[in-house]
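Naming follows writing order (A, B, C and D), and every chain is counted from residue 1.
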Amino acid sequence: MSKRHLLALYGNFEEAEAVVQELRNATIKGFDVNDDMIVKSPIEHPEVERFLGDKPVYVQWFTLVGALLGGILGFSLISGAQANFYMQLKGGKPIVPFPPNFVLTYEMFILGGVFITILGFLICAGLPAKRSPLYSTKVSVDNIAILVEADESAISELKAIFTKHKALEIQEEAGK
Amino acid sequence: MIDSGSVKQMAGHPFDRRDFLKVLGWSGAAVALSGCGNTSVEDGRETVVSYVEANDYMVPGVGVYFNSTCAQCDAGCSINGRVREGRVLKLEGNPDSAINKGRLCGLGQAGVQHHYNPDRVREPLLRNGNKGEAISWEKAYALIAEKLAGVSGEEIAFLSGGVSGHLKVLLGNYLDSLGTKNHFVYEAIAPSVVRAANLKAFGVEMPRYRFDKAQVVLSFGADFLGSWVSPVHFSQQYAQFRKGVNGQRGVLIQVESKMTLTGANADRWLAVKPGTEGVLALGIINALGMATGEVAELVKGYDKARVSRETGVSTGQIDKIAALLKLRSPSLVLAGNAAEGYAHGSQNAAAINLLNQVLGNVGKTIEAPVSVPFPQMVPSKGNTVALKNMNDGLAAGKYKVVFNFAANPVFTAPGAFKFKDNFAKAGFKVAFAHYLDETALQADLVLPLDSALEDWGTQVPEYMTEGAQINIQQPLMERLHANTRGMGDILLGLIKQKKADEYKGFEDYYAYLRGAVLQNKGALGGGGVEDDTFWNDTLTQGIVKLAGTTTSLAAHASAAGLVLPAAAEADEHFPLHLIPGVTASLRDGRHTNQPWLQESPDPLTTIVWDSWVEIHPKKAAELGIVEGDIVQVTSKTGSVKAQVYLFPGIHPEAISIPVGRGHDAMGRYAKGYGVNPFQIMDAVFEAATGELAMHETRVKISKTGQRVLVVKDEGSAGALQMGRKIAGRVSTDQVDLSKEV
Amino acid sequence: MKDIREDIAWAKINQDVMKSLENPRKLYWVILFLALAAFGFGVGCEIYQYRTGMGVENVNNPQVWGLYIATFIFWIGMSHSGTLLSAILHLMHADWRKPIYRFAEAMTTFSLMTAGLFVMVHIGRLWQFYYSLPYPNDRGIWPNFQSPLLWDAMAIFTYLSSSVLFLFVGMIPDLAIARDNMQPGWRQKLYTLLALGWEGTDRQWRNFRVTYLTIACFLIPLAVSVHSIVASDFAMSQQPGWHVTSFPPYFVAGALYSGCAAIITLFIILRYVFRFETYMTLPILKKIVRLTFAIAMVWTYLNAVEFAAVWYSHDEASKAVLIQKMTGTYAPFWWGMIFCGSVVPLVFAFKRFQTNIPVLFAVSLLLNLGMWLERWMIVAPTFSHGYYPWTWDHEQWPSLVAWGMVFASFGWFTLLFMIFCKVFPSVSMYEVKEMVYHRTLHLKKSENAEQGAH
Amino acid sequence: MSVSNLLENWAQVRHEHPNNDKPHDPYKWAMAIDLDACTGCNACSIACYAENNIPVVGKERFQHGQQMHWMRVERYWDEDGREFPDQGFQFLPMMCQQCEAAPCETVCPVAATNHTADGLNSQIYNRCIGSRYCSANCPFKVRYFNWYDYPTDEMVWPAEMQQQMNPDVSVRSKGVMEKCTFCVQRLSAAKVKAKGEGRIVAEGEVQTACQQACPTSAISFGNLVNPDSRVHKQWAAQQVELDKDKQAKNEEEEASELRGYRILEELRAYPSVMYLERVRESAV
């Protein structure tokens, strides 16, 4: 069954919240509030999470893996290189010394952490992303947009809800 | 005996040593970054031999060593030159020489820079206005012959530095052929007065000094570690003297008005009022109380109080020295530059020799010298009387043709002589020169010489040690510039103009030398040896060792005629004594264009590349002078401007400017660096010998208001260790040398 | 006074900031031109130095390091305040950082890049620079990981790449704004590319928040490690005057100090050039000034600690270096440093100067001069007064070439910074909106509370 | 670079030299300089210029402190208020001390200066990038940097002078650090020769240029490990131990009556050059 997108813009956060609450409460066939709704906002609203429900974030696991990997790799690379390079004999110091290697390991730990975190962010946030079918530049000004994807059948119902809450604008994807 | 007459029938067979030189000329395995296009060899004028068929003494990449003789000063150290791919790279001491025993001073090491100097004269140059025009050797010889034609012997003068060996013989023969007796042997810095005094006291000019046997050395301004007579040899003896016999370390006391390198190494350095060295010597004799007879009579008046007053040395110090000299015997007392450089220099030296005699050193630490059994090869010793005589002759316009060799009188003659102006009065001036030095620049004809590392020769040192020796000088490499000639070759060429028949057997100086040596094979210790073998061995060794004849030593230093003038009154207008500083590496300035020597810091002040005026800090404070101030130093004769260095090792009544710098010629490394104190030197002479009294010039100094940064090696902490243990020192009572290795 | 007005329309925020990308005041072009000229001069100096040899820096054998190293530390130090504002204050939820952290973070990036230049300019054989990089090779040759210089390289690389990423990630929402508001053209293409398709969806924001926080957490220890490693270049050596335990915190304090001073300077310049008066407000400036004052006092204290530590240690050589700093050849510079670093900031203690822009501008420049002198006083006196008296002080003064290069580094930095500010939004639009939003929420809450009380 | 290599040779790579190492075998080059014999004549320094292709920098660069003398002769006197330095000066030839735990080695970012098996502090010219950190960390300041491109400088090495250069020693271009090598080219030649003959280099077989020139034989050089060497005997007689930062003899209550010491020993760089204090007569 073909699906269509619908985008509604709201001027302030309370209105958007009310819409989301209503969508959540309403049972519309062909529309799942958890999967088919995206809220777009110009700023980061911590409240969004509250009304969208607890959605997990996995970025920190990337961080952990990255940092550990960076540290371990760093230490073994450096020590391995030193052990292989006997020319490097320094008077008064062993060939593989700990204090300097610790410093470098520390840096590699951070480097790995940062890089993999960014990677994690891109993966988790799905960036770089294809632009969604409906978007309004007003989101980047001050409007909050609610993008829904629903079966053809549910569109009118959704539109009604949006209109009821005085959507500033409703964009509709052209039918296929 | 070698003389030209008996040598003439000896034909010189060119030995393969010369092939060696030709072969060595070029190599494919060139030195990293080696220059191109400088040598005649590289120009392709000589045969290039492939290494594929190289002689068996050539291994590419392996250094070959050849013995020769150092020509940087007259000490006659034997050198061992390292040659690779046809280039001489480094000079080292020849261990077989009794003089330097494998050691070599900085000056000697720099000999390669004399050889490779970029400012050498490369062609015979004829004066054309203010320029030198390159001419051919044939033309040069013809010109000399032309100029000499019809000139009487009286009108010819030949000025040279000290010469010895076969060159001296040949030179003598040439001068004979010209019929002239005007050979002026000139050395700007030579112990001439001491020689004369020694002759009087010991019957020889230069006895053998045995520092190694002495327990105490008391030196009156003799810089035997730096520039005096045979410094490398003396340094070695000094090392033994310091190690001592039975752990009794030798004590060095140096008495002088300006510290020398030797003074800097003394256990006790005493600054005396300039010129009072003799007084102190007599005072010590008095304090010793060992003298008898006329000597006792003489020194009676020199009681400690008077001596202390006149010399500035404390009575306590005189007592200590006397006590030490009494306690430790034998000792050795020396008279050096500082003692002889006054109008009463002979008297100073005599007083010092008297002290030696009183102490009984003669025969113990002062030994009879040996000399080579060929008197005609014995060095003719240069002095300043010769310069004065020649200068007088020049001033009178007596000379039509003047030759100059191995001396630079325009640079080193005291300003008061006005030598440069007088020199101009000579008709035709020929300079045999390595570089266009000040004198060569004044010459009409400049004949380019081979460097000491390209030339053949023999040399007899004035000061010899165990037995006599004749040093061999041989080329260490092929001529660098095609058109230079050895002095011997030139002389031979000139002499052939006069006596072609006698000398026609000698193709060149090499042939002459070889012939002369082989002719006296027997006397040289080669009796019964094949000619070639003997010659080969001689060249290999670089030294011919001879038993030598020992002169006996007289001990007749006497008090007769010994009158020391009272310390000179201060001159109101010129209150300070000017002491020309003689440094180990620059001497009279003939090697100033060797950059290693320019950049080697003066050991005492650490100054490089420039001259300086040494002033005692106390005096400087009095005059309001600080380090780096440019001061004008004025004497009766002239004035120079130089930077000041505050130096505690100088008597406050004296200042010192080192000699050797201040060239206005001699190429890129010498020209324009520093000032020349000879220029302001007054013409004061030593009373007995007529030598120039180098320390008698009085000067005044005035600030010019300019100040520069003194270019020196020491940092802003100066000579201080700031409480850190860098250069440690310990006194003899805290150390047990007998435990040492 | 309020940090920022809460009644600014969000659309106006967009408008104001977007305007900065297009038509700054004329002064902008003047600054850009001067910067370019200065940089060009430096390029000339470098070409000359590259061809002639390092001698033209007028450094010598005991004093092998000169202005370049001092200026290197200066630029590294300057980078630290960006991190202070963007990371530390972010963790503390200090809202006032929001309008200004973006340019501070850019300052971090560009001063690191400038510092990196000095590493290049300093080394004797620039053409062999790659020897210091740990790249795998057949010969099995590696750089020496024991050398603090290598730690430096590693730390700076980590710091620079993390800072760039941090700057970029934090800018993504703004890039989307720029994309949405820009006329079609190369700029819009650029923003479209860099915005990575950001639409402000809830998923994006959710991950964004965690990421931003995580990197901020990493950046704080990283920044501290970077400057303490720079301190290690000196503290890990054996030299008197360098081998000081308090060097790492001293360097970090100095770094924050000079960075804050630079922020004040740039704050004032940007505020004027890009007409950012609404966002870069005086109350915010006042906060920075107070922060700077606090850091100045920390720095002063650490200076004293260095003296105390050396004094108690009885290490004669180190003592001699300190005494030499105060009384020797470098005394004018050392006292200049004390004056600029410890006395001048006392101006900040006076309320009326805390918002006086001309005074602050002058003072911030003086502080930076003081901090530059500090770096020079760290580097030079030890060389001229080390363990070995024989090599003390050769009357060494930097040459024109060296000064030219230092001068040029300011040009290079300004050039990069000014271009950045013209190409990218130097005020964080979305965060200013958040700030306004938080303020309105706060106001609303307090109004509600008041009403409730009635 | 493999980690397995690291783990297999763990004990070896954790070895600290010289603190817990076996002595160098079979060579440890070392020196002893008798300051009582040194007259400060500079022959050593000039010999070093000749042997090692050291550029003469000229007056202006010398003024800027850019001189290159690997071996410098320092001169000290007392300044204790006396009018004259009446005990003479103290001369000290100073060159790279070839420290066993050299501060310069650790800090080089590209490992251009390292410790060799025979106890030298080596400098690899073509690895050097010219960071000058080694010199910054050298307590003796005996490292010299090529501030200019001396080999191509007409004043320093005109074409004629270039022919004097020792082909056994690299010519250093601008931007690299250099220093005394203990005449490593001579050491290598001697070692190779000895190896070919199945022995170790004998005492006296190899001399450094400075040692060879010294008119008073103040410098002795040799293999410290070889009990027959003069250097070994001197070190032993003076009770100076290579890997100690405080010599036992100085701890004794009685003054040792020995004069061997190493400069700035307390920094634990363990220099390979022992100096013998200058002696001055107490009787005058």
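In this section, a residue touches a chain if its C-beta (ideal position, glycine included) is under 8 Å from a C-beta of that chain, and two chains touch if they have at least 3 such contacts.
Small disclaimer: the values here were computed from a predicted structure and weren't measured.
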Geometric centre: closest chain by C-alpha means: D
Approximate Å spacing (C-alpha centroids) for the pair chain C, chain D: 43
Chain A and chain B: spacing of chain centres that average the CA atoms, whole Å: 90
Chain A and chain D, separation of their C-alpha mean positions in angstrom: 63
Chain centre separation (chain B, chain D; CA means) in Å: 33
Contacts with two or more other chains, residues of chain D listed in rising order: 1, 67, 72, 74, 106, 111, 264, 269
Touching two or more other chains - residue numbers and ranges from chain C: 62, 140-142, 144, 146-148, 150, 387-388, 390-391, 394
Multi-chain contact sites of chain B, meaning residues that touch two or more partners: 709, 714, 720-721, 724, 726
Touch-based graph of the chains, sorted into line, ring, star, complete or other: other
Every chain pair in contact, whichever chains are involved: A-C, A-D, B-C, B-D, C-D
List of chain B residues in touch with chain D within their complex: 29, 31-39, 61, 84-85, 87-93, 100, 102-106, 109-110, 112-113, 115-118, 120, 225-226, 231-232, 235-236, 238-239, 242-243, 249, 251, 253-254, 259, 261-271, 317, 320-321, 323-324, 327, 480, 584-585, 595-601, 603-604, 606, 608-610, 616, 618, 648-649, 668, 673, 709, 711, 713-714, 718-721, 724-737, 739-741
Touching residues (chain side chain D, partner chain B) in the complex: 35-37, 39-43, 45-47, 49-51, 56-59, 62-63, 67, 69, 72-77, 79, 83-92, 151, 155, 157-167, 170-171, 209, 212-218, 230, 233-234, 237-238, 255, 257-259, 261, 263-264, 275-284
Chain C - residues contacting chain D, complex: 52-55, 58-65, 122-125, 128-129, 131-132, 136, 140-144, 146-150, 153, 233, 236-239, 383, 386-388, 390-391, 394, 396
Residue ranges of chain A in contact with chain C within the complex: 38-46, 48-49, 52, 55, 57, 59-60, 63, 77-78, 81-82, 84-85, 87-88, 90, 93, 97, 100-101, 103-104, 106-108, 110-111, 113-115, 117-118, 120-122, 124-132, 135, 137, 139-142, 147
Sites on chain C touched by chain A in the complex: 9-11, 14, 134, 140-142, 144-148, 150-151, 154-155, 157-158, 161-162, 165-166, 169, 172-173, 176-177, 179-181, 196-211, 214-215, 218-219, 221-222, 225, 229, 232, 430-431, 433-434, 437
